[in-house]
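Shared between the two complexes below is subunit A, which pairs with subunit B and subunit C, respectively.
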Partner chain A sequence: MLAYVVRRTIFSALILLLASAVIFYIVSLAGDPLTYLRQNPRVSPEDLARFTALYGLDKPLWQQYFIWITDFLTGDMGRSFSQNTSVNSIVAPRVWPTVLLMGSSLLITILIAIPFGVYSALKKYSALDNAGTFLSFVGFSMPTFWLGLILQLVLGVYLTSWAGVRIFYTSGMRTDGGFVDVLQHLALPAIALSVISVAQFSRFQRAAMLDVLSSDYLRTARAKGLPQRSVYLKHALRNALMPTVTLLAIEMGLIFGGAVVTETVFAWPGLGFLLIDSLYKNDYNVARALLLIAAALIIFFNLVADVAYSFVDPRVSYD
Partner chain B sequence: MVDQPRGMTDLRADGAMGPGEAAAEGYGKVEGRTQKQIVWRRFKRHKLAIAGGLVLLLIYVAALATPVIAPYEYDESDFTAINQGPSADHPMGTDRLGRDELTRVLYGGRVSLVVGLGVGTFVTLIGGIVGLLSGYYGRRVDTALAGLMDFVLVLPFLPVLLVLGSIFQFSAFTITFVIALLLWPRMARIVRGQVLSIRNQDYVQAAKAIGVSDVRIAFRHVLPNVVGIMVVEATLVVAQAILIETAVSYLGLGIQPPTPSWGNMLEDSRTTMTTQWWLTWFPGLMIVLTALCVNFLGDGLRDALDPKAVE
Partner chain C sequence: MAMLEVNDLKTHFKTQDGTVKAVDGVSFSLEPGETLGIVGESGSGKSVTALSLMQLNPKPPVEYPEGEILFEGQDLLKASESRMQKIRGNDIAMIFQDPMTSLNPVFTVGDQITEAIRIHQQVSKGEAKKRAVQVLKDVGIANPERRVDEYPHQYSGGMRQRAMIAMGLSCNPKVLIADEPTTALDVTIQAQILELMVDLQEKYGTAIVMITHDLGVVAQLADKVMVMYAGRAVEQGPTDDVFYDPMMPYTWSLLRSIPRLDTAGEVRLLPIKGTPPSLIFLPEGCNFNPRCPFVKDECHRIDPALEGKKPGHAAACILSPEELENKKHRVDEELGVEG
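The block that comes next holds the complex of A and B.
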C-alpha cells in the first residue's frame, strides 16, 4: 500500500517535471519578449543589454528552463515582463478571489447536485427526474461565458432597474467591502460557474446511486427486512457517494483552468482573469507560472483522488 | 482504478457503470432483423434525438447554403439602419455598423460548425487509431501510448489553448487542429478500454488461432464492436469543441474579426448589451441550440448503439 502511494507520487512528480518543460517550451514560442523595447528608439543598447541579462535571455533556452524551474521549486516564479516586479507579487493577491469563487461554486454544486442526484435515482423517471435530465442537457450545452452575460443582463441590469435597488453587482470585487458586499459581487459568477457542474454532478450522482441500488448486497439488506430509510441512507448512499467524492477531488484540480472564462466575463480579480490579462499584455512569464500552477493542481488532485480511492474501496488493487 | 475524470458518457449511464454481461444477449429475442434495423428501431423511439438530429441537419444545411440564402453580406454596412431591433427587413436586428445580424449569425455559424465537425473527425481518427493500437498490442506499445494519453490529460486544457491562441493567431483550421490535439486522449482511452475487453473474447482468440492477420482482426473483428462507442463519444466532442471555440473567440484569442464567429460576435455585443439585447441573445441562443441538438443526438445514439440494451 505504502509502496503504491510512494510510486504514484514519484510518477506524478516526474509527469509534472515533463509538463513544466513542455509548458516552458510552448510559451517560449511567443518569441522575443523584449520586442517592444527594441522597437522603442529611446531605449539605449546598454539598457537593452541590461534587460537581456536581467531576464537571462542571453542564455540558451535549455539553460533558461533550468534556471526557471529551479527558481520555481524554491518559490520564486521569475520576473514580470510588463511590470517592474516579481511574478510572485502579481500572482499572490489573485489566489484568494479564485479560491473564494471556486469554493462557493463547489459548495453550491455539492448542496444541490448530490441530494438531487440521489432523489432522481430513488424516483427514477418521475416528473422531477425527467425535468432534471432535460435541464442537465441544457446545462451541458450552455456556454459559460454566454450564461454569464445573460445573468449580468437579467439579474444585474433588469432586476436592478425593476427593483430600484442594486441586488447583484455584475463585475469586479472590492477588497474593502463587507460580507454582504462580497456576496453581492460573488453571487453571479458563482452561479454561472456552478450550472455546468450541477448538471454534471447531479447526473453522475444519479448514475452512481442507481448502480448501487441494483447491487446484490442491497437486495440482501432489503431481504433482511431492514427499514427503507436504513437501506437507502446507510447501505446505498454511503457507497454511492464514493465515486462522487473522487470526481469532486479531480474537479478541484481543474480549479482555475475552468474559471478563466467566468472570471474574465465578471472581471473577477482571480488567477483565471490574470491569465487572460497577462496574455493581452504579452507578459509571458506570468502566463508560464500560471500554466505550471494549473498543471500542478491537476496532477496533485488526480493523485489525491487515486490514493483516496484505493484506500476507501477495498476492491481496488494497488500493485 | 480511477485516475482520470469520468467523461459525460459515464454520467449518462443508467446504472450501467460496471463491466457488462455477455454483449449480444439481447439480440436473440428479435428474429429476422439486421443489426442496422435494430439500431434504427431503438433510435427512432428517442424523440428528442430525432428532433435534435433534424434541427442539426437544418443548421448544417443553412451553414452550407449561407452565401445563397443570407439576405445581405456579412460585412455590408447600412448606415441608415444602425442599431435597429428585430424587424421584417432584419429579423435579428442590426449592429452598430448597420450590419444585418441574421446574416452574421449565419456566417458566424459556419466557423463554429466546421470547427465542431473538424475536431470530431480528427479526435475520432487520432483517438481511434491510438486506442486501437494501444489496446490491441498491449505491453510496451500500450505503456508508451497510455503514458502519452496521461500526459496530454494533465495539461491544463483551456489555459494552454489560450496561450497558443495569443502566440499564433488562430484560423478556423488551426484552432480545429489544436483543440483536436488536446482532446484526443479521452477518445483513445475509451477505445482502448473497449478493445481490451474485446481482445480476449473467444471469437478473437479463435480468429487468431486459425492464423488471421492482426490487421484483419483489428478491422473485421474488433473495430465493428468499438464503432458504436466511438460515434457516441464523437458527438460529445463535437458539442464540446463548439463550446470551446466560441469561448476562445469570445476571449478575443480565437477567430478574429471581421470574420464573424458566434464567439467574437458576442464579445462585440458586450459593450452595448443593455441597449441592443438582440446582439447578445441571438448568437448565444444559436450556440445553445446547436450544442443541445448534438448532445440529444449523442444520447439517442448511445441508447441505440448500446449492445447491452434489451428490446
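The block that comes next holds the complex of A and C.
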C-alpha cells in the first residue's frame, strides 16, 4: 500500500511537471503580458525595458519556464504583471472564499443527493422518484450562468423588494463580515452550484443503488432472515456508496480549483473569478499559478480516490 | 402431516403483456431427512417455486392467487413478513446458484455467517464466531480460524459455495433449498459439494429441496423427483421409478437427450426440438405438444392433468402406459437403445 502510494506520488509529480510546461507555454501564447503598459502613453521606453528585464521577458521562453518553475517549487509563484505585488499575495486571500463556496456546495450535494438517490432507487417509479428524474433533468440541463442570474433576480431583487429587507446578496463577499453576513452572500452562489451537482449525484447514486438492489447477495441477505431495513442499510448501502465515494473524491479535485462561471456571475472573490480576471488583464503569472494549482489538486484527489477505494472495497488492494 | 406440504401453489407475475404463470398449480410434500429433486429447463418455474417457499419473490409483480405452502402446519403464503423473517435462514434456508455473486463482497465470510446466527439466536458475538468457525470446518474449509476473517474474493468458487452452504446450515434449518448449487462449479468440485450435502444431511437430518437441470445430480441425491415444464409439475414420483420408467414423454425425452457413459458411441441422442413455450401464450391442449415426439391429435385439444399412473408415480399425459411403452420402444430401436 505504502509502496503504491509512493510510486503513484512520484508518477504524479512527473505528470504535474509536464502539465506545468504545457500550462506555461499555452498561456504565453496568448500574447504580450505588457500590452497594457505599452498602451499607456506615460510609460517611457526605458520603463518598458526595465519591466521587461524585471519580469525576465527578455530571456528565451525555456529559460523563463525554468526560472518560473524553480521559484514555484520554492513556494514563490512569481510577480503579477498587473499589480505591483507577488502572485502569492494575490492568490492567498482568494483561497478561503473558494474553499467556503465549494465546501458548502459539496456538503449540500452529499446531504441531499445521496439520501435522495438511495430513496429514489428504493421507491423506483414512485411519484417522488419520477419528480426527481424530471427535476434532475431540468437541473442538469440548466446553464449555471443563467440559473445564477435567475437566482439573483428572484431571490435577490424580487424577494428583497417584496419583503422590504435584504435577505440574500447577489454578489461579492466581505471577508470581515459576520457569520450571518457571510451566509447571506454565500447562499445564492452555493445554491446555483449545488443544483447541478445534486442533479448529477442523485442520479448517479440512484443508479448505483439500483445496481446493488438487483444483486444476488441482497437476495442471500434476505434469505438469511434479515429485516428489510438492514438488508438495505447494511448490505446494499455499503456497496452502493463505493462508486459515489470515488467520484466525490475526484470531483473535489475539480471543484477546489474554483468554479469559474459561478464565481464570475456572483463576483465571488474566489480563485475562479481571479482566473477570469487575470486572463482579462493579461496577468499571466496569476493565470499560470491558478491553472497549476488546479492541475495539482486534480492529480492529488485522483490519488486520494484510488487510495480511498482500497479502504471501502476490500477487493481492491495495491500490494 | 408432512413437515413441508405444498398444495396447488400458483405463483403468477403480473406484467404489462399479461399474466405470466411461472408456477401454475404445483404440489409436493417433504419429510424430515428426505430429498426432493426438482428438474426442468430454464424458465420452467423451478427457481420461482423455491423462492415462493421462502416468500422471496418480489411483490409486486408476484401474486399467489391460489394454493398453500404448509410448513409444520402453518401456511407461509399467509404468514406476515416478520414471521417469515423468523423462518428464513432459521427453519428454511436457501443456497443459491452462483456462489461468485451470492456473497456480499464487502463483508468477511465470518461476518456473513455470524450475522445469520445472530439474527435467529441470542448468542454473543464471540459465541457466534465460534459457531461460524465450526460450520466452516463442517463444510470442509481448511484453516477455518483464519478463513473466517477473509473476504469472499479471497475464496475460490468451490470454497464460496461451501461458505454459502455453511451459512445455510449455520442455524440447523429443517429444510435446505439448494437452487442449482453446483451449476457454476466445475465437475470435480460439483461432486465434492454434492457429497458434502449428503453428509451434512445425514448428520443433521435436514430435508433438502434440490433444484437442478442436471439429471445426474437428481439420480444421485434425490429420494423423489418432480419434473417441471412450463410452470407445472408434469411428472412426480420416486426417483428410481421416474428414471427407469418415465411416464411423461418430456421426462423420457430429457433422459434420451443426455449422453450416457455406458452406451457412448452406440446410441444416438434424441434432442428435444424447439424451445419451451412462452408462459403468457401457452399452446392449446398439452403444453408439451409442439415438442412431443409421441404427439397425437387429442394432445392439441386435451390439457392433461397430473394423474397417478402407478402407486406414488404421477404424470401429465393422455397416453396410456401401454401406448407410451410401445412408442418409446419404437424410438429406442431407431436410436439403438437396448432393452
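Heads up, the rule we're going with is that the second predicted complex is superposed on the first by the 301 of 319 C-alpha atoms of A that agree within 3 Å, B and C clash if a C-alpha of one lies under 4 Å from a C-alpha of the other, contacts with A are read in each partner's own complex, and residues count from 1 in each chain.
By definition in this document, a residue touches a chain if its C-beta (ideal position, glycine included) is under 8 Å from a C-beta of that chain, and two chains touch if they have at least 3 such contacts.
On a predicted model such as this, the values are computed, not experimentally measured, just so you know.
Q: Label the relationship between subunit B and subunit C on subunit A in the superposed model as either fit or clash.
A: Result for subunit B and subunit C: fit.
Q: Now for A:138: first (subunit B), second (subunit C), both, or neither, which partner does it touch?
A: In the superposition, A:138 contacts subunit B only.
Q: Counting only touches as set out at the top, which of subunit B and subunit C does A:150 meet: first, second, both, neither?
A: Only subunit B; A:150 stays clear of subunit C.
Q: For A:235 in the superposed arrangement: first (subunit B), second (subunit C), both or neither?
A: The answer is second: A:235 touches subunit C but not subunit B.
Q: Let me test your reading of the model: by the given contact rule, A:251 touches which partner, first (subunit B), second (subunit C), both or neither?
A: The answer is first: A:251 touches subunit B but not subunit C.
Q: Which angle, to the nearest 10 degrees, do you get at the Cα centre of subunit A between the Cα centres of subunit B and subunit C?
A: Here the answer is 70 degrees.
Q: For A:222, is the partner it touches subunit B (first), subunit C (second), both, or none of the two (neither)?
A: In the superposed model, A:222 contacts subunit C only, not subunit B.
Q: Can you tell me whether subunit B or subunit C touches more residues on subunit A?
A: When the residues of subunit A touched by each partner are counted, B comes out ahead.
Q: Just subunit B (first), just subunit C (second), both, or neither: which does A:42 touch?
A: Neither partner.
Q: Please give the nearest C-alpha separation between subunit B and subunit C in the three-chain superposition, to the whole Å.
A: 10
Q: Subunit A residues touched by both subunit B and subunit C?
A: Touching subunit B and subunit C on subunit A: no residues.
Q: Looking at the complex, which residues from subunit B come into contact with subunit A?
A: Contacts found on subunit B: 1-6, 8, 10-18, 150-151, 154-160, 162-164, 166-168, 239, 243, 246-247, 250-253, 266, 269-270, 273-274, 277, 280-281, 284, 287-288, 291-292, 294-296, 299.
Q: Quick check on the complex: what are the subunit A residues that touch subunit C?
A: Where subunit A meets subunit C, its residues are 215-217, 219-228, 235, 238-239, 242, 312-315.
Q: For subunit C, which residues are in contact with subunit A within the complex?
A: Subunit C reaches subunit A through residues 54, 56, 81-82, 84-90, 93-94, 96, 98, 101-107, 112, 115-116, 119-120, 151, 153, 164, 167.
Q: Within the complex, which stretch of subunit A touches subunit B?
A: 15-16, 18-19, 22-23, 26-27, 29-31, 121, 124, 137-138, 140-146, 149-150, 152-153, 157, 200, 203-204, 207-211, 213-214, 243, 246-247, 250-251, 254, 256-258, 260-261, 264, 275-276, 279-280, 282, 287, 290-291, 294-295, 298-299, 302, 305-306, 309-310, 316-318
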